[in-house]
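This is the structure I want to talk about, given as structure tokens.
Chains here go by letter, A, B and C, matching the order in which they are written, and residues are numbered from 1 within each.
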């Protein structure tokens, strides 16, 4: 069961080319994406309304897509506009469309009631294409439920154990409890370390006058969007008070999009505002993150297997779970709300055009 | 759920040799077939009544089969006639037998009540071994429910889309609605094209005085037997009135036999009455059909995957679905009838001997 | 469903080394085994109580194991003794432990109520490490339910059919019904052949004055422990009366331990008391057994597949099934008893320490 009335990341923008058809399953629904001749995104249910064949094995015809089973042709509003040997096309011959929006390298999709698709709710990931920031695109496919990955992202205590040589840092670091705050739709985690040594990687790419203040601020919101503000600035320059002077900063953008109950798309990038003219630095940061995420995937996949053998397993909550418990609670509350709403997902062309 | 009281095609006759054992699962039931010393077919449930081991990993002993787990020996009536270390063989130690009948290259089997196995109901496929006709044996295994294949066979509109370079023909051809008639146990589709060009393949194998009349007449009946009469004759010779003068004809014989709910055996051949002394023509016809069926299998398998993700999917019926809807309705009605009948499938030796 | 209050064989002793962690699933429960610094066995549920990650992908720290997800450390009593960033460890933060006992090369485990783990109930397999006996360790993994293997082991009639060239012997041998007796928790099968030829393998390794008396005595008890006393002695020396003079004897030790409902661990060895200074004889005996067990696995796996297609299959019992029916009845009775008992499986440290 997934939250429906929310924006999911469906793809990196360059995954959907000017030509051709791109298909990805999102919260259990196969979605066909393509660009019309004006470059506008179209997102249709990837299942012909006639006999259920996937449209993605069909072909583009102008701004339309034709099912290559019986030849029904659908336009960008999902309407069937041609059906061979069919004198009259019935009005219910249409496929569902989904509101989509392209913003700062990510394609966002709304899987719920199109009436409620408020584009102002799309999280800001401006650092993904801002000229002062630099990053590489990341994507990992997980064979686990997305909440197990959310748990992992909302937990600092695993860093020294899962990532001893990558993200890990010392076990002392993990022992510091971060500040956890409830957000309207999720949770914020804040951690400051004042007057500390600059870490090794930072001294390689930047001169530091002395000691630094370091921060890590996570915003993790429904459906699974992590926007991270982390970095360091020379001690005494007022970083904690909001001034960022000579700071080396990251703006991690990460998004979990459930594919099915047991698989997840994971989009990520870690824009940085230092050494942006040094591609090897960007590549090195990306490699470190990917290496760490591979470590995460190993343990989370093992956890998923273990849990699947014990459907009645009750987790023993610890205080280190404050953030993830908060997020899981927010998801549960939202799911309850959606179930109480009348489930009206109309497919009339007047409103669900992307 | 499958129709039981009907004749299914179980095999091509030469799949069951004079020696050895042949096993095939039909509507979910593993069936062992072999020939006794007089060449008569035997069909037994391929599961020892004792502990359930498959008899097909056992061995022939004369006209009997011995289970190679505990050594029980069964005769052609399904009776256990030997059980090592067993002083008295209990009468219930027997396996089910099935009525089978060999006709014109196909082995037919009756999976329901043996009392009702009326051999006069076996469809006539005389063209498969008639000296004036020529064809090659075809078999394809599908990982889809048989009704999706039936849908495909009962639909002409997919031809230009799925088979653009094989069976396809023009999209105009697909746009002509065939005549659809209800049969007692299925549906008949008839299509005539009067005074048209002979197609390319036909001009290669036969001299035509001028234009031709072409026909396609499908009889598709429960459980999934398609007998096709198609061909062409010189225009003005009265083909549509029933005279076949200088005609080039096909008598396609196709049979769908469900293996399980999600897999199907597909037997087929396309006997033709022209160029029967030219094996390369027969081979070419067969290759064209196989190539087209491979195209069908690709799209139907994609359709099955797509539908399996959406159990609540409701197909939008179109007028091109008249024939397949009619067949599905006939199957549903027959299944209802069978469920209302008392489900008596006795295994007494007096009547279920093949 | 499995019997819980019984001793299962969990491993050969050398599978659990002095270092490292060993994991094996037993009756559906993943169990982590290791040895503390004093060499004592520890058996913990291989699933962290916190978020369910398997402890076996964690690491040893002294006599403890640390989960390498969030760093919880557990001691040999299953108690969590360290949790990073956790000011107070809640008492329920512990994993289940299992009574284990090492005896004569086998590690035994009690999966039920630790209070009832009476170590005097562990079967005697002294021949596995007795200096007068010699054998090789055997282990086979089966993808079938353990009861199908138990059936096989309790049945002599399959020998000439499944093992014609290995264990088989003549079909006459199979035709002799053994004596079957009920035991408290299983069944005993006894077969004597008086005044017969020594078999070929026996004449190779030992001089025989003339004809011999041969015996086969099986004790097969819950949960699936087969202790076999078989051998031969010169006729007239009183073997059947209990004197073993100049005898060549085997003491087969075999244990079935369910892994899941559809898979089984099978431990076995066949200690012999003759030619114990000839490793090639021991190896040859072992190879013969392994070859025969591979034959068994083939037919039992085919049987399992066949049965899984027919959930309503009713086996037709024969008189050769007396022993296996008796054992299945004993298992059913024990399962009923366990279901009537209050299912109290406490994990308090006072009593479940291995």
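In this section, a contact is a pair of C-beta atoms (placed from the backbone, for glycine too) under 8 Å apart; a residue touches a chain by one contact, two chains touch by 3 or more.
Owing to the predicted nature of the structure, the values given are computational and were not obtained by experimental measurement.
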item: Other chains in touch with both chain B and chain C; value: A
item: Chain A on chain C, rotation in degrees - Cα superposition, rounded to nearest 5; value: 120
item: Equivalent interface positions on chain A and chain B, same or different at half; value: different
item: Distance between chain centroids, defined by C-alpha means - chain A, chain B (Å); value: 50
item: Two or more partner chains touched - positions in chain C; value: none
item: Residues of chain A defined as touching chain B within the complex; value: 25, 28, 30, 46-47, 49-54, 57, 66-71, 83-87, 90, 92-93
item: Of all residues in chain A, those that touch chain C in their complex; value: 151, 155-158, 160-162, 171, 174-177, 298-299, 302-303, 305-307, 309-310, 313, 315-316, 318-320
